[in-house]
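Think of it as A, B, C and D in the order they're written, each chain with its own count starting at 1.
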Amino acid sequence: MILDLINTREFQRLRRIRQLGTASSTFHGAEHSRFTHSVGVYEITRQICDNFQRNYPSQSTDDGLWNDDERLVALCAALLHDIGHGPYSHTFEHIFGTNHENVTVEILTSPATEVNKVLREVAPDFPEKVASVIQKTYPNPQVVQMISSQIDADRMDYLLRDSYYTGTNYGTFDLRRILRVMRPYKNGITFHISGMHAVEDYIVSRFQMYQQVYFHPVSRSMEVILNRLLQRAKFLFENNQLTEETPPHLLLPFFENNFSVEDYIRLDDGVLNTYFIQWSMSPDKILSDLASRFLNRKPLKSARFSATTSNQIPKLCELVSAAGYNAAYYTATNDSFDLPYDVYAPSQSKKITQIELYQDDGTLIELSKVSKLVAAITGEFSGDERFFFPREMLTSSREIDLFAPIYEQFQRHLKNGWLIDKKTDY
Amino acid sequence: MILDLINTREFQRLRRIRQLGTASSTFHGAEHSRFTHSVGVYEITRQICDNFQRNYPSQSTDDGLWNDDERLVALCAALLHDIGHGPYSHTFEHIFGTNHENVTVEILTSPATEVNKVLREVAPDFPEKVASVIQKTYPNPQVVQMISSQIDADRMDYLLRDSYYTGTNYGTFDLRRILRVMRPYKNGITFHISGMHAVEDYIVSRFQMYQQVYFHPVSRSMEVILNRLLQRAKFLFENNQLTEETPPHLLLPFFENNFSVEDYIRLDDGVLNTYFIQWSMSPDKILSDLASRFLNRKPLKSARFSATTSNQIPKLCELVSAAGYNAAYYTATNDSFDLPYDVYAPSQSKKITQIELYQDDGTLIELSKVSKLVAAITGEFSGDERFFFPREMLTSSREIDLFAPIYEQFQRHLKNGWLIDKKTDY
Amino acid sequence: MILDLINTREFQRLRRIRQLGTASSTFHGAEHSRFTHSVGVYEITRQICDNFQRNYPSQSTDDGLWNDDERLVALCAALLHDIGHGPYSHTFEHIFGTNHENVTVEILTSPATEVNKVLREVAPDFPEKVASVIQKTYPNPQVVQMISSQIDADRMDYLLRDSYYTGTNYGTFDLRRILRVMRPYKNGITFHISGMHAVEDYIVSRFQMYQQVYFHPVSRSMEVILNRLLQRAKFLFENNQLTEETPPHLLLPFFENNFSVEDYIRLDDGVLNTYFIQWSMSPDKILSDLASRFLNRKPLKSARFSATTSNQIPKLCELVSAAGYNAAYYTATNDSFDLPYDVYAPSQSKKITQIELYQDDGTLIELSKVSKLVAAITGEFSGDERFFFPREMLTSSREIDLFAPIYEQFQRHLKNGWLIDKKTDY
Amino acid sequence: MILDLINTREFQRLRRIRQLGTASSTFHGAEHSRFTHSVGVYEITRQICDNFQRNYPSQSTDDGLWNDDERLVALCAALLHDIGHGPYSHTFEHIFGTNHENVTVEILTSPATEVNKVLREVAPDFPEKVASVIQKTYPNPQVVQMISSQIDADRMDYLLRDSYYTGTNYGTFDLRRILRVMRPYKNGITFHISGMHAVEDYIVSRFQMYQQVYFHPVSRSMEVILNRLLQRAKFLFENNQLTEETPPHLLLPFFENNFSVEDYIRLDDGVLNTYFIQWSMSPDKILSDLASRFLNRKPLKSARFSATTSNQIPKLCELVSAAGYNAAYYTATNDSFDLPYDVYAPSQSKKITQIELYQDDGTLIELSKVSKLVAAITGEFSGDERFFFPREMLTSSREIDLFAPIYEQFQRHLKNGWLIDKKTDY
């Protein structure tokens, strides 16, 4: 049955959507798809279930141990948790107002999909059960935490996988050891304290992958370009200026804000790139330039800023305009809306499952209480704020150029990769 | 300058073309692109040049040692050797009559390309020099053999890389040791005999990768579907039946057999897949079905055949037709035109560079003379001939089906994955 | 109970005996002990049993499937199969007439050992049962082949382990895949044909490890020195010339050819080395020189010879004598008595279990029938014959030396690492 | 010349001394010797020198760049930095008052050694120069820091090596990246800030290796036993009760506190173990029992204690005595004298070289200023205090035993692996 799910067209489509979006422009090995990740999450979940069933099988209702009847729903949720992702997810969603979690639920529960058909063969309410695991409303917390918690099959797979494909070794940790010390309990999943260091290493690895890979400024810069490109295309469409011989057929429902699941399923990275190739020949200079920059990897440059230097940004945008760029399309601040800054910070508004360690006398102790390293990064905002601008602004003033004085002014605002406070007049 | 070449749009486009084509449908991790491979070949070549310059620098003309003036041409040829590859190369070439080697030369030498522009900055005749290395007409055999011979930077990179991404470990060998025993000589490149076992292991690994990965029947089956799909589209186009709302704009020059390098450079895997998505909604049943099969990975099945059983094929095609399939599109024999069967066979017609080992007294000895393993696979045809057909033909006769008797007849021709000689009448 | 066996002193002693003997003098990472190997064989066997019990549990007597009652005897035999190994096994055995297989049986069955005590707790005849598996007389061929056959847990562990610690990658193969296609049948163990390439790769890896690691001339040279050293010590002892302040207490029973299991268990690599350190201060020049050569890694040199050139050896020995060395102690031909030359050759005298592959229709096919690579090395003698001599014999004649003319004569017999036929007179 | 140093008997002897001492009793793969580590440190140092010479060659005196005349002294110091280590270094030193750093200097500078002879061939004062690098008095801080600083070739090698052989993956970090960002400057060695995360990962890895491997309670327990065993032997010797047939010949100079370098060089792990084997047959019950425990891996148990619970220890020792053990030999607190607790704490008394990062404008910034993870563990005491006692004290009171009430009392002082404050009377 898992094989039947893999063979659906909704799932096969994940082969054509890269897991890390624009990150492969920085880490060129990272060209793996959401397909391989999804299969990996399934496999880790299967191992967890096997382990639970072998060592902690439930004997009676509510004994807090593992009930193997939950296996199928857990495995399906693991396999399908990302089924609703579209191409370049976060940016696409931002521009077109889609939401991959809602689409996931719709793909699972809409009778029109092949996935739904396979799930319905188990039981009429099975699609909704699987969806509720992904929505975290499923009653059994063990199943929910297996798929989504601070240390779940999803994260463990993507850290190891992304680490493998990027060729960094920050993401490595001892998966086998973690699986061995994992155990079910009444409120979800816990880890025997003898595996504390393996869990600690996983948290540290995750922190390092964010710092080094997921927050990489070049990948984010490519995402900024993509954002501006789609924004421009939408603007042109809405103003009837997207006048090509061959319209972006498969994207039209999204421009028109009137799309079905069927329309959504037809999208993938290649479809978007195909339209970008067409747009790179557009008479609209901004559209064609942004499309070329995205396709041919011409990233913007960026500098970090802080609360006290953010006030420099309007002035810098002015200079970018003065140098001949439409600042609305050629500058950006990365507001990081889609980056998990607060992953390990149990904020008040959002209930986060703590990582609890199981001690020999049966009591639990929260991870950061025993790990100095984890304590150091708990609840801390992590990442950076960046201002993006065309690399041309960094042209050396020694080169003869019409805009040399503007470039020079611009550069006086930067030092060691940061915006600085520049009070002097120009 | 290497960086400038990488930043050209012709080279960046390789990010959107998978190295192994349809093989990722079998080995799902193998989603890496020709971009990463090309960079890898460059890097190995760089290490070879470093090694040669450190240990075997030429002192006088014709001393058979390494002249470091050759470094730049070697590095450029290494980086650009695959620049002319299009999407799903072999199949596409077969249908549309393109040739990636010719395109490579054209991209290098046509003044219209960014690559040419970068190369020309070195010297006016530099693009042609680089091209001649790839065409094997460059006078210095050391440079040519570095890039293309039986043991070159190209093959060493793709074996290790494909092995890494497919997750098999057949392709591994000791690259470092091979690089250490490599040395230039008058007629090209040789290897000190102390590294014989490393070279032997490379040959055996290559043999095993072909057997296990490159010849995998499922990948070949997907290639068969792709072939039939493009063939059908071409047929419909030529008969004015490819009547869609949005024509396959970027493919039209190829249907019309009138394309420029510019047209070629616009193609990539995603462009083809995008048209396949459109074709999967075509009113032509064969086109839409083949497109769906390709996109959603519904491979054909296959069986091996030999010279004595190939005569069964017409009968089997008849049965496939009788079961309702257009046999011209739903069967195939894999004539392996694109598979390197004779890689290690020094055929008469084609001059192949032998692997020569350097002995302590200065004489050379050919590899298969000292390696029993290599001798065993030297000059031997390797691979298999397969007949492909719809998996439905294998439907168990126990299922109630209109075509059950036909399926049963069909299946009587197969045993343990082979066609068998079936003399009895039906 | 496995833990109890590991905690016996007979088993702990294996920590002090290196798996590869003198090979660590060539591959300096290969310092691992027989202890880690034994635990590894146990672990692979455990995985095989788990797999067999999960997928092929016996339903009725004689159905050829796996009876899980056999698990304990299989695990114990796996863990203890090398328990009788002493320090520098092969050489020690050769000089002192011990036999590690006999000692293994004795350690298992003698009531004096801790191992026997643990085993007896299972059943009075359990020690003998375990011993019979190692002696290959146990009635169930599945259990016997798991531990010793052409592809058993022992070999799979040592290839992977030796490969890891020597840092070569010749020994790697896909253990997981092999375990997955392994299955029990009436006459032992077979492998599904879909895993043919994994099994082939294991055979090729084994062949390569022998060529590259186990037969390495420097390791064999160190073994030759060890052989001569023990021979000299024995000679001196027998002639009452081993007259030290502190006699080699723990070795005396072996010199006197009157030892118990108890005596044997007290030996390890360190004990022998300790006496070698003492002997390196001996007044007997040959003893002290050989001891120093062994401790401080001063290998002999060697050259290969063939049937037609072996007749040169007496002359060469004469020259070694003329140069001042006692040829009885400073030359040797390696007669390879302890090297598994015929491992894959089903000789008539010795019954060897073929590797059989399981086909879909239930029939078996022998491996070399379907693998060209395996066929190439089946039944073939593999290895080399070498003549060992002091490296001083290779002193360049340009150095002023009393023996220069002798060295020169000697060297005229060698070329490219081989003895050559030298008919001319001196 | 490096080869000549490796071929000295002082260096070859390192093959017979395990790098991690008793740790292989916990991590059974960790059987590698100081020989392989020393060669590894040499190799990393060689790569650093190559990199420095290629990218930062000194042009004029005092330009703070790399002067390649320093290469040889750096390489020799790297290779020989551990040459003075004896068997089970820390414990042996503690009992016999030896000091491996002093011995290292003596081996380098004493005319009696082979190492000195090889070094003297370079220049008469070369041995002293090499020694001064190891003693950190050499004038060039780049050379000193290469071999010993907070991030040096020594530590980088042992972390990666110990990680490899223990099979943990805590010790892994990106050596290549660190080597690439390393650069010389006036006051030593710095790292470009772009490699900050690689350096951070190295520090975190080091922290984790200490927590997980080097401080492992079982290894420390084996060290406690070794300590008590040597202490007992010394006591017996000093009281003329070490009356065996064969005295521990090679150890006598140390018992008599009258040893030469020559005597020291004769020791290795095997020599000590050989005497332990003899002592395990001693009539002295304590000596023979401790020797057996050490040889056959019967560790003591332990519990952690804190400043507030250390006052329980005398009472616990009393109970151990009451149960029939000589508490002077069968209990211990681990005072961690040999554990690097303050490695990353720049204490006042000891000048520690900070890790400085090089920024684009040429200024340096100390690592913990930019790394949250490193800041969290900077200057912090790390490790634990443990009380060791015979495992028999944990015998369950359910077993019938003469000492059951004593065991029970003892166990009331322990909880979750810690000593607890137990005020109630017994």
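Simple rule for what comes next: a contact is a pair of C-beta atoms (placed from the backbone, for glycine too) under 8 Å apart; a residue touches a chain by one contact, two chains touch by 3 or more.
No experiment lies behind these values; they were computed from the predicted model shown.
Asker: Can you list every chain in contact with both chain C and chain D?
Answerer: none
Asker: Trace the shortest sequence of touching chains from chain A to chain C and report its length in steps.
Answerer: 2
Asker: What chain lies farthest away from chain A once each centre is taken as the mean of the Cα atoms?
Answerer: C
Asker: Report, in whole Å, the distance between the mean C-alpha point of chain B and the mean C-alpha point of chain C.
Answerer: 44
Asker: Per the centroid of Cα atoms for each chain, what is the distance between chain A and chain B, given in Å?
Answerer: Comparing mean C-alpha positions, chain B is 33 Å from chain A.
Asker: What's the distance between the Cα centroids of chain B and chain D, rounded to whole Å?
Answerer: Centre separation, chain B to chain D: 53 Å.
Asker: Where in chain A do residues touch two or more other chains at once?
Answerer: In chain A, no residue touches two or more other chains.
Asker: Per the touch rule above, enumerate the chain pairs that touch, sorted by label.
Answerer: A-B, A-D, B-C, C-D
Asker: Give every residue of chain D touching chain A within the complex, in rising order.
Answerer: 168-170, 172-174, 197, 200-201, 204, 207-208, 211-212, 359-361, 372-373, 375-377, 380, 382, 415-417
Asker: Could you please specify the touching residues of chain A with respect to chain B in the complex?
Answerer: Chain A reaches chain B through residues 7-9, 12-13, 15-16, 24-25, 28-29, 31-33, 35-36, 39, 245-247, 249-250, 266, 268-271, 273-274, 277-278, 292, 295-298.
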